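Below is the structure I would like to discuss, written out as structure tokens.
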């Protein structure tokens, strides 16, 4: 057995370097100012003060959260029925559909987002469709709608898959039991299926919410230059403004926010599945 | 019990697939457009493919993407398996610790991972480019491999290695003659995930690359400002590559099955 | 207890999409507070029938009449029937109380009433203290009880149980059997119980329905089923028994093993072919002289209270061949430090086709080894000129290093014994071996079979018949060169007898039984 | 057993294949040993604006010198600067005036060896002895131009725009019909000019006024902030007015005759992007060759023709703008010369930081 254990040591070193140190660096930079060279160290809260004393940054953070939440909600509302329908199909078609849904996720997110750019163009496919209803020059690209659409498109498969697995691994005899005990279709769905799929929904939420909050290229491509979310600020700080300290601080704040929201959803999960009925 | 398709569910499915495949169809269609327009299809032509293939930046981007994806997959798969097996035999504390840390890149937004690595590399004054990108990809691929291998390991009979060794196999023979074959499905899916993760990655690559090394995503991102249908051509290429890869991975087992039955 | 019919199952047919027919027109009446068991091997359709009763499946044909009205099309939640599922199907997201209360809550009964009923049920299945335990952290037996309580609390007039004890270990199973019976008697409603365990069926039910391939084989009280099985299948399925082919000579006279015996059965036409069933416990062993059947003790298994003794009344088909044992030493190759050994061997003309090297090596007992380390060395080349006609041929075995030995292959004509009684033939050849071969043998009987190339076939269907018995009169551990006889035999007529005494193998004994203990059944009659 | 053997083999094969690919990748572009011994290496790393190279210049250069050019694009000077700070090394950069000034101050450039550069005499008057590097010690002009407004003559009255200048960007008749340039410098340039201030000011109040101006514009006009997207946008006439770099304007006007270009009377930013060699360049010799090459008539012509900006080569400039030149009647090609309200950006890190933060705030509203 010892032999086997020793096989993990290289990887432990690896993660120490490739995962732990970067995290430390972020924290380190977040609490220092001046210069991107590790040499000049000045410990301070300046970055955080700057962030929290300025309404704009908070607004940006809130907007990011807002967009992410909307995206997540939409994903649940659309994703659940889809997953449900698929889960109820006979296994063969079931498998095929899951494959069909995963397929696009394998294809480059940027490529797919780029495609939406074209579709949502003024005078593009969508506005042409709209113009049929006399809404010709409705601005779609560069709007919240476009950004949320892009995010939903990119992230909903995760939601569907999560819910689907939770539904698929649910023992069908539970539904028989519910029926047997007098619950008709609707009732047995509400009292058995739904509560039992909550874990799936929750993990789906985490999988959607996480990238949605931090995403920066979807808003940039579909939202246009004026569309600033946390991700964009971070990108800007690192690649344009070159203020790594502030950038780190923001990403740290974002990470914390995410952790909190995850924690909250988890709690919901526990409660939901503990007293699913009533 | 008896599952049947109702009309509404049919509709839902159709709409879903439409939603998922519209953009892809759009890309493919307009990659054959003979004008620069992204809004109206004025005629069939292959000019954008010619442009793409003659454009060295695009080609090298494709090449880099594939090379990195392949190497990252190979390395992360091997390392992932070895580590996962090692962990399955390790003390609980070690296992938990590693698994916790492992989850960081999965749970962290890519952008955080990206900037972390960016700072790591410049802290060690490593010249950014192919190597840094490759390292980064390996780094974020391994956890996915382990995530798909570990459960398979758990489901293994713990005595199986002992049995093998009892029959005279050295630990490592036991490893590759008994364990690896059994967790093969996990390995395959892990490798597949790793490959696509690497192939599609934008955010992390975007932060850790440099010195003119670009993968397809970065290229698309930097080019997306100007209308440039070669991007559609490129995307179509990507779609084809991925579809083929998936097709192979998914169909081969089915075909084997069929063969077996006969 | 014969009261009014509660459920009438009217020739139910069920075939699934994939065309396979699971139920081929099953009809059955079930009465009030009966404990009915559907018994049969897996795939016999018993569970399907239960699911149809529960309303989870709709039959392709036929009707379910419940209390006078047709409920065939009624969904489960409208039936006065409840089910205890195979793996209990307890709702993992609810605790014991909520699981049991589920049905009542659906019916919107007042809270206090619910509490009342649930508590009563918990008492019935004695789980009072577990009300708010999570079902996931309960033992199989406890989950079982919860499942029963959850079903019973809705006061159904029929309770369906789908292999409810399947998941439990033996001891718990026994307890639950009694428990279930108790509950059934206490609540006094009809239980329809599905199992593949005949013992379970016998101990609990007051009506057993034996099923096979979607058809009912026999319906009856446990005793009937046990003592008067309708056919071989039922007889076998319901427990260890002796089934002998025979002929009904006349009312009350059955003939088997060429002897006439008195029996109680009547009503068969003369000389009708029948199966005779004698339960092991109805046979008793006596001295050879006074036995109605004579035989030899073939083996005994201690079953706790009694011995399960095998008595063979007639040996099977047998053949005796000569074994020539020599002391020839192996050929040694000094240069290569190798030894090689092989024997002359006989084989039948019919063996010469599809005769491959492995077969030859086996027959000739050919092998080579390193004269120092004793490590085996593989035989690389085998030359033979064997033709499919009687005669003597040469066979040469050689190793890579060139160490070689040549032996004879003697092809002879047929050497087989045919037995009319058992409609089978057995076949074997004389053979040569070295003392070492015998000494080195790990499993002598098997080796002897291989060397003699012994095999047996049924003349009816050409299936191979296993050779159960290898007899020889030499001493394995110190065998001297010479010629010995080896006899191979198939299984003959063997009787299973439950005895309290122990008999050593090979003892000649007699068997007796009383006329009323013989049960005669029509061959493959349903 | 053979399972894993296969496995190994496969992986081995993959890695080999991969390395081969890398090899071929680095090899392609006809690496010639003489280039190596001449310049020490046969690759030139160029870091330049996107959409900023002539059709064939690069391939021509590669052919002529038997070398390989690795190109990387940036979409803002700041992005380039940050990359440099992060330690990336290039042989040639093509940043803008003020950025060059900063690089000089930070000693991140190496002095050019004029003996290795031919064609300095061809440099267009417009970009001779520029403030930030009067005698081309560090930089040689690449392309230059101004910033102005492109508008759709069908929907915007030329008189009106001529008279309102930048202020038309706050004219609510055009609400939702305008592209605004997504870069702090140009945004503030517009605002400051509109207010009649210098675009190099570091006067707090003026800057805040400009900030207010932008916010008001942002809130009342719901503009779309773009960079290069503006080119296609205006070409296909999606919006009516857009802030556009003169060169892009040239291209737009070329494609869509409804469009016209105006350099507002409030003044504008006369800018020049020049070629420089960073201190950490790996292949300065080849870099010098590249500069010379870009000064040649053909290269300059190709660049100016494709990209549409004013050429660094006087001859090309004259030809293009001459009556039979391809940009003869293109109002955008030739930058306004010697107008007193026009300025060149100067470097001012403090201002820079402030602007970038203010700009985010404007956009994030």
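Lettered A, B, C and D in written order, each chain numbered from 1.
The criterion applied here is as follows: a contact is a pair of C-beta atoms (placed from the backbone, for glycine too) under 8 Å apart; a residue touches a chain by one contact, two chains touch by 3 or more.
Here the structure is a predicted model, which means the values were calculated and not measured.
**Q** Following contacts chain by chain, what is the lowest number of steps it takes to reach subunit B starting at subunit A?
**A** The fewest touching-chain steps linking subunit A to subunit B number 1.
**Q** Which chain is the middle one, judged by CA centres?
**A** B
**Q** What's the chain with its C-alpha centre farthest out from subunit D?
**A** C
**Q** Most C-beta contact pairs, which chains?
**A** Result of the pairwise contact count: A-B comes out on top.
**Q** How far is the middle of subunit B from the middle of subunit C, if each middle is the mean of its Cα atoms, in Å?
**A** Averaging C-alpha atoms per chain gives centres 52 Å apart.
**Q** In angstrom, rounded to a whole number, how far apart do the mean CA points of subunit B and subunit D lie?
**A** Averaging C-alpha atoms per chain gives centres 35 Å apart.
**Q** Could you tell me the distance, in whole angstrom, between the mean C-alpha positions of subunit C and subunit D?
**A** Computed from C-alpha means, the inter-chain centre distance equals 87 Å.
**Q** Specify, in ascending order, the residues of subunit C that touch 2 or more different other chains.
**A** Residue numbers touching two or more other chains: 56.
**Q** Would you pick out the residues of subunit D that each touch at least 2 other chains?
**A** In subunit D, the residues touching two or more other chains are 83, 86, 226-227, 229, 236.
**Q** Which subunit A residues touch at least two other chains?
**A** In subunit A, residues 36, 123, 176, 238-239 touch at least two other chains, as defined above.
**Q** Where on subunit D does subunit A make contact in their complex?
**A** The contact residues of subunit D facing subunit A are 76, 78-79, 81-83, 85-86, 176, 182, 218, 223-227, 229, 236, 238, 353, 356-357, 360-361, 363-365.
**Q** Please output the residues of subunit A touching subunit D within their complex, sorted ascending.
**A** Spelled out, the residues of subunit A in touch with subunit D are 36, 54, 56, 59-60, 63, 122-123, 139, 142, 224-228, 233, 236, 238-243.
**Q** Which subunit D residues qualify as touching subunit B in the complex?
**A** Interface residues on the subunit D side: 1, 3-4, 7, 11, 14-15, 17-18, 21-22, 25, 28-29, 45, 50-51, 70-73, 75, 83, 86-90, 226-229, 231-232, 236.
**Q** Touching residues of subunit B toward subunit D in the complex: what are they?
**A** So the residues of subunit B in touch with subunit D come to 37, 39, 56-57, 60, 63-64, 66-67, 70-71, 73-74, 77-78, 118, 122, 125, 127-128, 130, 176-177, 180-181, 184, 210-212, 214, 222-223, 225-227.
**Q** In their complex, what parts of subunit A are in touch with subunit B?
**A** Touch residues, subunit A against subunit B: 1, 3-8, 10-12, 14-15, 17-23, 25-26, 29, 36, 38, 81-82, 85-86, 88-90, 97, 99-101, 103-112, 114-119, 121, 123-125, 128, 153, 157, 172, 175-176, 210-211, 213-214, 216-217, 221, 231, 234-235, 238-239, 244, 247-248, 251, 254-255, 258, 262.
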